[in-house]
Amino acid sequence: MKDVSFGQYYNTTSFVHKMDARVKILLSIAYIVAVFLVKEFHFYGFLAAFLFIVLTTIFSKVPFFSVLRSVKGILFFVIFSAVLQIFFNTAGEVVFSWKFITITDKGLLKAGFIVCRIMMIVMGTALLTLTTTPVELADGIESLLSPLKLIKFPVHEFALIMSIALRFIPTLMEETDRIIKAQKARGADFESGNLIKRAKAMIPILIPLLVSSFRRADELADAMDARCYSGSKGRTKYKKQRITYRDIIGFLVLAGLIVGIVFLNGV
Amino acid sequence: MQIVCKNLTFAYGKRGVTAVKNLSLTIDEGEFFGIIGETGSGKSTFIQHLNGLVKPTTCDELTVGEFNLLDKKCDYKKLRSKIGMVFQYPEYQLFAETVFEDVAFGLKNFASLTKEETEKMVKEAIEVVGLDYEKIKNKSPFDLSGGQKRRVAIAGVLVTKPEVLILDEPASGLDPEGKEQLLSLLHSLHKSFVKTIIMVSHDMNTVVEHCTKVALFNKGEIYCSGRPSEVFFKLEGLEEIGLEQPLTGYLKKELELKGVNIESDLTVDDFVYNLVKKLKQGS
Amino acid sequence: MFYIPFTCEKFFWVLKYNKSIKRGSLLKIIEVKNLTYAYAKGKEVLKNLNIEIEKGEFVAIIGHNGSGKSTFAKLLNALFVPKEGEVLVGGLNTKDKNSVHEIRKKVGVVFQNPDNQLVASIVEDDVAFGPENIGAKREEIEERINFALDAVNMQEFRKRTPTKLSGGQKQRVAIAGVLAIKPEVLVLDESTAMLDPRGRREVIEIVKDLNKKGMTVILITHYMEEVVNADRVIVLSEGEKILEGTPKQIFAKKEELTRVGLSLPPATILADKLREKGVNIGEVLTPQELKEELCKLFVKI
C-alpha cells in the first residue's frame, strides 16, 4: 500500500521543481496531447516521448525509479486493456488460434501500442505531481481556471478540495492499511473466494474507512474555521508564482517534442 | 503458548528503513508482558509479526506455541484465532449493523458453528468485557459511547477464545476512570479468559503496576527487558529514549542517592508498604 | 513583617481592579455568562456555566469523556453559538455574526488529532493557511511563519511533509498554524491525548513557555499531571462547573474528583496512600515535590 507514488511530492530543489506550476500543468496537458498525436504503430514517437521523460527526470533530480513506480498503481488497468486488445481484436492476420481464442498480429501491436501510450501518459503526469507540491498544483489550477469565475464557477473551492484530497492520500492509505490488518487479525480473508465473496469481504474495510473519513472531514472543517477560513474573499496567497526563463525553456523543449512526433509520424 | 523470537529483522522494502533490528525475545505463557517504547521504536511492527500480519525480512526462529511462523505452510487462520490482537483505537474497526454481528465477525471467519454455538460464544465475549448482552446485542455499534465501543471491539477479538491477547495502547484516549476500568478488565481477563497478555504502552506507571515482565524498545532494538523492578531501577537516561521514569522507580532511585534503600518492587502499594516499614524501623 | 505580603497583594489587586475599571473589562479576555448549550433538544451538554478568564492566565479544564469540555472549546471561538447566555471574547459577543472573524483571530484552538488539522502537504504552507485567511501580505505571512515556527521550535522542518513527522512534531505544526494568526488566547482541546510521553512533554513545554511570554492558555485535558502547571483548574462534570481553584485546592478534593470519573496526579495518589498509613506528609502535586517531602521524612530520622 505504501508504494503508490501517484500524487506524492518528491522534496528537492531542481530546475523542474522551480518551474511555475501553471506552466507545468499546461505543459503536461500539451505532453498528453503529444502522446496522443503518435500515429498508430509508429513506435518512434514513443521513443521521443520517453526521451523527453528521461530528460525531464534528470533535470528534476527525482530518482527514475520513483517515476517508474507510478505505473505500478495502474498496472492492473494496463494489463487489462492489453489483454482486451490481444484477445478481442480480430483484425489482421491470425498468429495463434486455439478453440475460441484467436490472436492476431494487429491485436498484439495494438496492445503494445496502448501499453506504451498509457505508460507514457502516467509517467508524464507523475513527473508533474512529483515535482509540484499539491498546494502549488491546486494554486496553479485555480489560477488557470480563474476565467471561469465569470460564470460563477467556484474555482477557489474546487482548488482547495483538490489540494486537501491530495494532502489526505497518505493519511487515508495508512488508515486503510491499519484497518485491513485489524480485520485480518480477526480472521478476515481478502484473497480467496470468487468475485462476489471478495467484494463482500471489502465491507469490513470500507465502512470503517468511510466512517473515519467523515469524522476527519468534520474535524478538518472545524480546524479550518478555527483558523479563520471564510472562503476566497479577502484571502491572500503566500506563494505567488511567476514565469521565469525555466518555463520558457520548458515550452521550447515540449514544442520540440511535438514537432519531433509529427515528423516521426511521417517516417 | 510460549512465544520465541530469535534475531528478527524487518525492513520496509529492499533499501527501506529498518524498523526492527536483530531482535530476540521470549514471552512465557502466563505473563502479563509490557512492551514499552516511543512511537517509531518498532514495537507495533514487532507485535504484528506475532500473528503473521507482517513477515520478517530475516529471522532465525519465530514460534508461537506449536506454530512455526517461518514455515511457509503455517496455518495463519488458526494462529490468528489463538492469538488475538487489539489494535490502537480498536473502535475504529467496527463496521457491522449490530453489536452482535460485529462481535461474531471473527467467529464466522475462523469456524463454521451452529447458530446456538455462535450465540453462546458471542454472549460470553460480550459479558466478559463487562457489557449487558441482552441490552446491547441489537444496538448499532456506532450509537455506543466511546468506552463501550472499545469494549465491543475487544469482545470481537476475545470471541474466538484466544490464548494470547495482544493490545496496542488499549487505554489511549480514555479518561482516568475509563482507563482504570479497562486496566482492571485486563487484569481480570488475565489467567482466567486468556493465558497471556501482551500490552504495548508508553505509560510507565501503568506498566509497572500491571506487568509481570517488560521489554523496552528503542530504535528497533530491545534496550532492556526483565521484571519491572529490575528494569527500571537499573536504567539511566529513560528520557533520552523518549520515555519517563515510573514514579516509584524515580522515588526509589532518588532516596537511594540520599542513602535510603527501600526493598520493594515498583507497584505503588508495595512501595508504600515498604516505605512505611522503613520509616517505622528508623524511628 | 507578615503584613507586607498581604498589603502588596492587596495593592496589586487594587491596581488591577482600577485598570479594569478604566479600560472597561479589558483584563478579562474571556467572559462566559450563564452559558447553556445543547446539540439536540432536551440534552444539554453545558448548563449554566459562568467562567471568567484573565489575560495571561493559564487555566486548565478537566472532566470525564462527555463532560462537555470539548464543546466548551468550540463555544470560545464561535464554532458553536450559545443557546442561552453568552460568551464574550475581549468584549465581542460570539453571537454577533460580524464579530466571528475578529473572535477567531483572538482565540486560536488546537484540536486533538494532529492529522485532521493540517491542510497542506508542506509544513510552511500549512502554517501560512491562517495568515492567508486573514489577508496578510506576503512579507507579513513570511514573518508570521518564522515567528510561529520559532515558537514551536520547528523551523528546521519547514520544508517537510507533515505526514512524515512524529505525532508530537505534527501537533507542534498544528500549534504553529494557530500561532501564526497571533491569537491572544490559545486553547488546547485535548491536544496531547494522542501523543506519546515525548510528544506530550514537547507540547506542554511549548505551552508553558508561551504562557510565560504572556499568552493566555486554556488547556483542556484528562492527564492530571499536565494540570499541575496551571494557575487555575476548572472541573466540569455533566456540563456543569463543579469545582474551581488552584491545582493544590482541586487535588485536595479526592473524593469529589473520583466521583466524577477523574483522578489525581500519580504523586498525589502516592502521598495520599502514605497519609492513610499514618505518615505525616505535606500536599504534593509533582514527583519532585514528593521526593522533597520524602527526603524531609528520612532526614528527621
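So that you can tell them apart, the chains are marked A, B and C in the order they are listed, and the count of residues begins at 1 in each.
In this text, a contact is a pair of C-beta atoms (placed from the backbone, for glycine too) under 8 Å apart; a residue touches a chain by one contact, two chains touch by 3 or more.
Predicted model, so just to flag it, every value in this text is computed and none were measured.
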Could you tell me which pair, A-B or A-C, is linked by more C-beta pairs in contact? A-C
Quick one: point me to the chain whose Cα centre is farthest from that of chain B. A
Any idea how many Å lie between the Cα centroids of chain B and chain C? 32
Which integer distance in Å separates the CA centroid of chain A from that of chain C? 43
How far is the middle of chain A from the middle of chain B, if each middle is the mean of its Cα atoms, in Å? 41
Interface residues, chain A side, partner chain C - complex: 9, 11, 133-135, 163-164, 166-167, 170-171, 174, 215-216, 219-220, 222-230, 234-240
Residues of chain B touching chain C in their complex? 38-40, 145-147, 172-178, 180, 202-205, 242-245, 247-248, 250-251, 254-255, 258, 260, 268-269, 271-272, 275-276, 279, 282-283
Which of the residues in chain B come into contact with chain A in the complex? 12-13, 48, 51, 53, 77, 80-81, 84-85, 87, 90, 92-96, 105-106, 109-110, 142, 156-157, 160
Touching residues (chain side chain C, partner chain B) in the complex: 63-66, 166-167, 193-194, 196-199, 201, 222, 224, 258, 261-263, 266-267, 269-270, 273-274, 277-279, 287, 290-291, 294-295, 297-298, 301
Would you pull the chain A residues touching chain B in the complex into a rising list? 2-3, 178-179, 181-189, 203-204, 207-208, 211-212
